[in-house]
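After this come two complexes, each holding chain A, first together with chain B and then together with chain C.
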Partner chain A sequence: MRIELEKRAKVSALFSILSPFIAFALTIVFGGIMFALLGKNPVAALYSFFVEPLSEVWSLHELAIKAAPLILIGVGLSVCFRSNNWNIGAEGQFIMGAIAGSILPVVFYDWQSPLVLPLMLVLGMIGGALFAAIPAFLKAHMNTNEILTSLMLVYVAQLFLDWLVRGPWRNPQGMNFPETRTFGADAILPEMIASGRTHWGFAFAIIAALAVWFMMRYTLRGFEITVLGQSERAGRFAGFSSRKMIWFSMLFSGALAGLAGISEVSGAIQQLRPVISPGYGFTAIIVAFLGRLNPLGIIAAGLVLALTYLGGEAAQLSIGVSDKVTRVFQGLLLFFVLSCDTLIHYRIRLVRERFAALKADEAH
Partner chain B sequence: MKKLLLALATTTAVLGFASVASAQEKAKICFVYVGSKTDGGWTQAHDIGRQQVEKELGDKVETQFLENVPEGPDAERAIERLARSGCGLIFTTSFGFMDATIKIAQKFPDVKFEHATGYKTAPNVATYNSRFYEGRYIQGQIAAKMSQKGVAGYIASFPIPEVVMGINSFVIGARSVNPEFKIKVVWANTWFDPGKEADAAKALIDQGVDILTQHTDTTAPMQVAAERGIKAFGQASDMIAAGPQTQLTAIVDTWGAYYVKRTQAFLDGKWETTSSWDGLKDGILTMAPYTNMPDDVKAMAEATEAKIKSGELKPFTGPLNKQDGTAWLKEGESSDDATLLGMNFYVEGVDDKLPQ
Partner chain C sequence: MPVKGQIASGRLLAVSNLTKLFGSFAACNAINLQIESGEIHALLGENGAGKSTLVKMLFGVLAPTAGEISWMGDNVRITSPGEARKLGIGMVFQHFSLFEALTVAENIALSMDRSISLARVAEEASRLSRVYGLPLDPNAHVADLSVGERQRIEIVRALLQNPQLIILDEPTSVLTPQEADRLFETLLKLKAEGRSVLYISHRLEEVQRLCDRATVLRHGKVTGACDPRAETPASLARMMVGNDVAVVTPEGTNTKGDVQLEARHLSVAARTPFAVSLKDVSLKVRAGEVLAIAGVAGNGQSELFDALSGEYPVSDDNAVQIRQKPVGTRNINARRLMGAGFVPEERHGHAAVSSLSLSDNLVLARNQSDRRVFLGGGFLKIIRQGAIKAAAKRISEAMDVRKSGEDPPAGSLSGGNLQKFIVGRELDRQPAVLVVNQPTWGVDAGAASRIRQALVDLAKAGSAVLVISQDLDEIFEVATEIAVISEGRLSDPYPARELSREKIGLLMGGMHGKTEGAGAEHAH
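Coming up: the complex of A and B.
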């Protein structure tokens, strides 16, 4: 006996929509079983994991802060992935955006003006886009695999940041600790609402998602992205240039990752440190796929992923489970999403090994 | 469906109340860890301290912790979560939590905070640190006695005052025994990375050092030293299990006594902002048993430890020169704490350029 996946003739539209929800429900069920096996009350555990973080205002703010970079990067990546360009280096573009945007508050810290913040944001986008231009150039003109180049450039960006904050950009009053000056008041992305810490980075994320949704649905550019992504040949017949698309999608996603970087640094950290991201650029890849490369879906997916981070902390405190549970939950969620999607397109068939069956017959 | 939701809500509400009711009796003492509580080094040492609080004051307090909390915005959220969940006293146990601790402390003036190894205090934020360098001085003396070649290897983390201070103290100790003693330094630029630390250890041994010491947190250098058959010193926790024939001694962080003392003060309503910097005599660090060395070296180490405890010996006492040969401390003059806490220069005998 063996198991085969067989392509379905028709894909159910209903289940395509339901699939993420089924996956989420399965995650909850299996998460509950896991808690029960750990000797914890599953209802209380799931409550503290998924409901408690949503029950308080401050915690909702934290959710928005955590989700903002994930959504912003994920939306940019969706354009890339849809056009069949595989930018895996958003983490590096995030960092370079943060560095480029920080030039003003770190190097020209004396200059105080209302112009500082907008310029920082623009510089952040330019920084991210320029860093994404490297794999774009290599792919468009040298036919290099962008998965490898963009991924490896992440390490370049991380080490460059590390060198900057330990060397030329180190805070002269910081007792030799590896961090830059803290940003001046003009360089800090303000909070959106008085009730908590959510900064404008969250608004940028939502605006970007809506804009990309509009672009994909109603503009020629969106059509071009989809066509080139599905069939490059068909795109060429329509007069679209896949080389231009490489440049557009990479620069676009790089700019959004850079904006996420400078927003995070300016809104949440307020200085540069050797490490400024707990892997947002990589988690955003999960977010993009969990949201099915649809900008509105990505908003939801970003919030769900952010919730698992916060829920993990809440669960550590209220029921005393290890923080590793967060990772297990994220893993479960991704597993069920991918398998549900697979099962919409394929059906499982059990195949009897004919050869083995024949042999067995002969023996009799 | 509605009924099910209602039932769920009631259950959780009941559960919630039950846990609140049982918790109200005891004060909550909370900890924020930068690493995993079983890292075998820095965080584990803090967690052992937490367990000691549970053991000695368990009838009056309960403890909680959050582990693997990254520095930056996540730290702020983690600390705020603890403050909101009813913690009365919160220990934040990494230098990188400094600004986050200060920020949250302003928001929660009724909660007390203690930040490890930082330099910013507030009416409700105290700082605490340990004079690790006292142990390093003893290690330096042992190294000078045990080394055939007169060169030790030093795996350092980041060029912050804390680490530079340790390197200097080690060299001063070694040179009090052998004035020609030298050390080589490798900057691993990490606190916790077994791979990098092991590579640093191999590089140093290949350069000819025959004693290894580390200011990073894993047992990887100890294991490399054991494989290569040289001696080494452990860091933060007793690492004898990683090198039964290798470890000479280790600086063991024993935060428990401090945590118990401060928790007691908190319970008595006598908690005040302090900047405490305790040493061997207070028991905030202890030396692991002196092993794998001849009796006379052991006797010397024990004598030095006793002198440091009694205050007779202060590692940073002149005559001492800086690395470039210029005078730093005159005969009999001891360095003040402020200079140590901002230390950004080497003393004579360090074969390395301090990353600036």
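Coming up: the complex of A and C.
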């Protein structure tokens, strides 16, 4: 007896749309079960996890701050994933973008000019793109698996940041704390609205999502991404180069991750520390898939995943569970999104051994 | 091996009201079929007519939804291929299931009872191959054998079970004419012994030559049972496709113009271990000409297409010339901009992306050549959906593409209709040069004749057309000149009128050297 996945003749359009919602509902149900097993009242716990953070103005601002990097990175990744390039290292590109953008406020801290901030943003994008260029080069010219190389480079970036803030970039006036100088006024990404902390990073995220949506839907470049993602051979017939697409998609997603990194550092943290991301680069992979690789869907998915970060903090305070609950919820969500998508395309069939023998026979 | 008593005459197999439903779709709908002992029975039909489904039910691979099968007068339920073999039914599939790294005898032994020793299998196999004129060396490795020899292994494997009925699925689709002749002799020998053969084909001449009776299927139903020798190819084709197939009218008086497409000493190393290298290929196609390149599959056809289309440009710029300008190093879109059009062999995932709409698939081939019409917005290159949908509609109407809905995904069209669209997509540009690889591979007769006529008409209108094809009927229908490709070498071109099938067969095999020598003798 074994289980087989059998391709469905027809994919239900209704369930393709419903799938993220079903996945979210299942996550809530299993989250509730988990809280119950921990001895908490599931209803109260879920309320404090998912609803309370939405009930106050300051926490809505926090939501936007957390959603901004998720959306920016997720949008970039959607271009990669659609073109069949699997950049798993956005976390590293986020960090390298943050480091590159921080060169001005940390090393040239006494240069004050309105040019500082725009230059930081550009440097951040270049830093992220250059770091993504490593797996791009290895895949395009050495035929290396980009999943492995991009993932492994995340640890390189994390350790590089750690070394910088403990070593050469440590704040001389910082009483030996592993931190850089706090950024000067010119180097800080300002708030968007008067009512709270939300900085312009959120606007960048929305603009990027709309721009990519337009590109995918209306332009030849978007068509090229779709075609090469479906069939490299058909892309070649169309005169598109899959090698150039590796470069384009990796550099593009790296640049957006780098922009997210420098925006986060400049807008929310305002200095470099050993850890600047609660795993935004990895969570953005969930965001991209929950948003069905559609930039508009990714905006919504980014807000949902941002809520899991806030909910984790809230649950830690109000019901006293570990903030690792956030990770559990993110994992549940990714699991259910992927399994819903699988079940839309395939049906599960139990195969008894007699049939298996018959199948083998049929091969002759 | 025990030899069963052979039945001199009488009904071997009778099928009544056999039906197979896939969901609500009837792949086979109340089929009736009788096979007598000692006859070669043809099963005719277009792609998708239900032939494969029917034989899979007879061989126990699929279970019928309704209906009965009777074998030597007894009602039977055939639930597995093993059971079918026990009854005395053998099958040779179109796609072989052989391990290339193993020897002939080892491959045969794999399908036998484990208790029989390899030496006995080898001995028995070589005895059978002698008796039936199927020369085979039991110790040869399959990887070294030609397609025809591999088919012989499958046939010997089926014969070892001492079957009363042998089912062959499109056996000649992969053979040279000489190899096919040899197969026919074997089949006639089997018939003389009182065994029956169910012969699946869509090649009418073969069926007329070989078969005693024919059952014709269309859309899962029997549309005729006849003596093929009493019919004409046209009347058989009518039963297969339902209406008269338009006969392609060949060139007539084409005026030959300048050379539009040329290859000069084109040599290309094999890109992969499984590819064929092109060796010093030279060809010229003039305006008004259809040059057809014949050959058995896997002799460099797709490599030649790749080099001519520019999907894989070559290092020597002069090796390929379009409209007398060197283009060897230029890519496919540069060649399209010079007036060339290309139709590759594989529809899904090469000529078209199945999940994309027809209009998107139009952009696929023409995003550069028609960029003034199809793209707007300057550097943004915005795709103009309106203009493209209109063009897709125009193409669908011109080529009679039958589809569900205005702009359905390419994957939802039948092979023939998608191929009509893919060819129409190029014709719509009125290319000065058209290179087509296997224009009607796996396409129904109606669509095939439409496509062939379109190619002929394009040449008449003054374009240079290069057709790469394995189908000799097709080649004789469309070609003004014929050359043959074999192991990456191209023969000189011959005017189509001066060339016989036998000559082409010799060219196909002759350049292979000694392995095909026997086939060459045989043709005379």
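To be clear about the criterion, the second predicted complex is superposed on the first by the 345 of 364 C-alpha atoms of A that agree within 3 Å, B and C clash if a C-alpha of one lies under 4 Å from a C-alpha of the other, contacts with A are read in each partner's own complex, and residues count from 1 in each chain.
Heads up, the rule we're going with is that contacts are C-beta pairs under 8 Å (C-beta built on N, C-alpha and C of every residue); 3 or more make two chains touch, one makes a residue touch a chain.
What you see is a predicted model, and the numbers here were worked out from it, not measured in a lab.
Engineer: Is A:R233 contacted by the first partner chain B, the second partner chain C, both or neither?
Structural biologist: A:R233 contacts chain C only, not chain B.
Engineer: Classify the contacts of A:A268 with the two partner chains as first (chain B alone), second (chain C alone), both, or neither.
Structural biologist: A:A268 contacts chain B only, not chain C.
Engineer: Using the touch definition from the top, say if A:E91 reaches chain B (first), chain C (second), both or neither.
Structural biologist: Neither chain B nor chain C is touched by A:E91.
Engineer: By residue count, is chain A touched more by chain B or by chain C?
Structural biologist: If we count touched residues of chain A for both partners, the winner is B.
Engineer: Identify the partner contact of A:T219: answer first if only chain B is touched, second if only chain C is, both if each is, neither if none is.
Structural biologist: A:T219: touches chain C, not chain B.
Engineer: Provide the residue numbers of chain C that touch chain A in the complex, in ascending order.
Structural biologist: Contacts found on chain C: 23, 61, 79-82, 97, 111, 157, 309, 311, 331-333, 336, 342, 344, 346, 349-353, 355-356, 360, 363-365, 367-368, 375, 377, 380-383.
Engineer: Residue numbers of chain A touching chain C in their complex, please.
Structural biologist: Contacts found on chain A: 9, 218-221, 223, 226-227, 230-231, 233-234, 236-239, 357-358, 361-364.
Engineer: Quick check: in the complex, which residue numbers of chain A touch chain B?
Structural biologist: Touch residues, chain A against chain B: 41, 43-44, 47, 51, 56, 58-59, 62, 65-66, 162, 166-167, 175-178, 182, 197, 264, 268-269, 273, 275-276, 278, 310, 313-314, 316-318, 320, 322-323.
Engineer: For chain B, which residues count as touching chain A in their complex?
Structural biologist: Listed in rising order, the residues are 8, 11-12, 15-16, 19, 64-68, 70-74, 76-78, 80-82, 84-85, 95-96, 99, 119, 158-161, 164, 189, 341-342, 344, 355-356.
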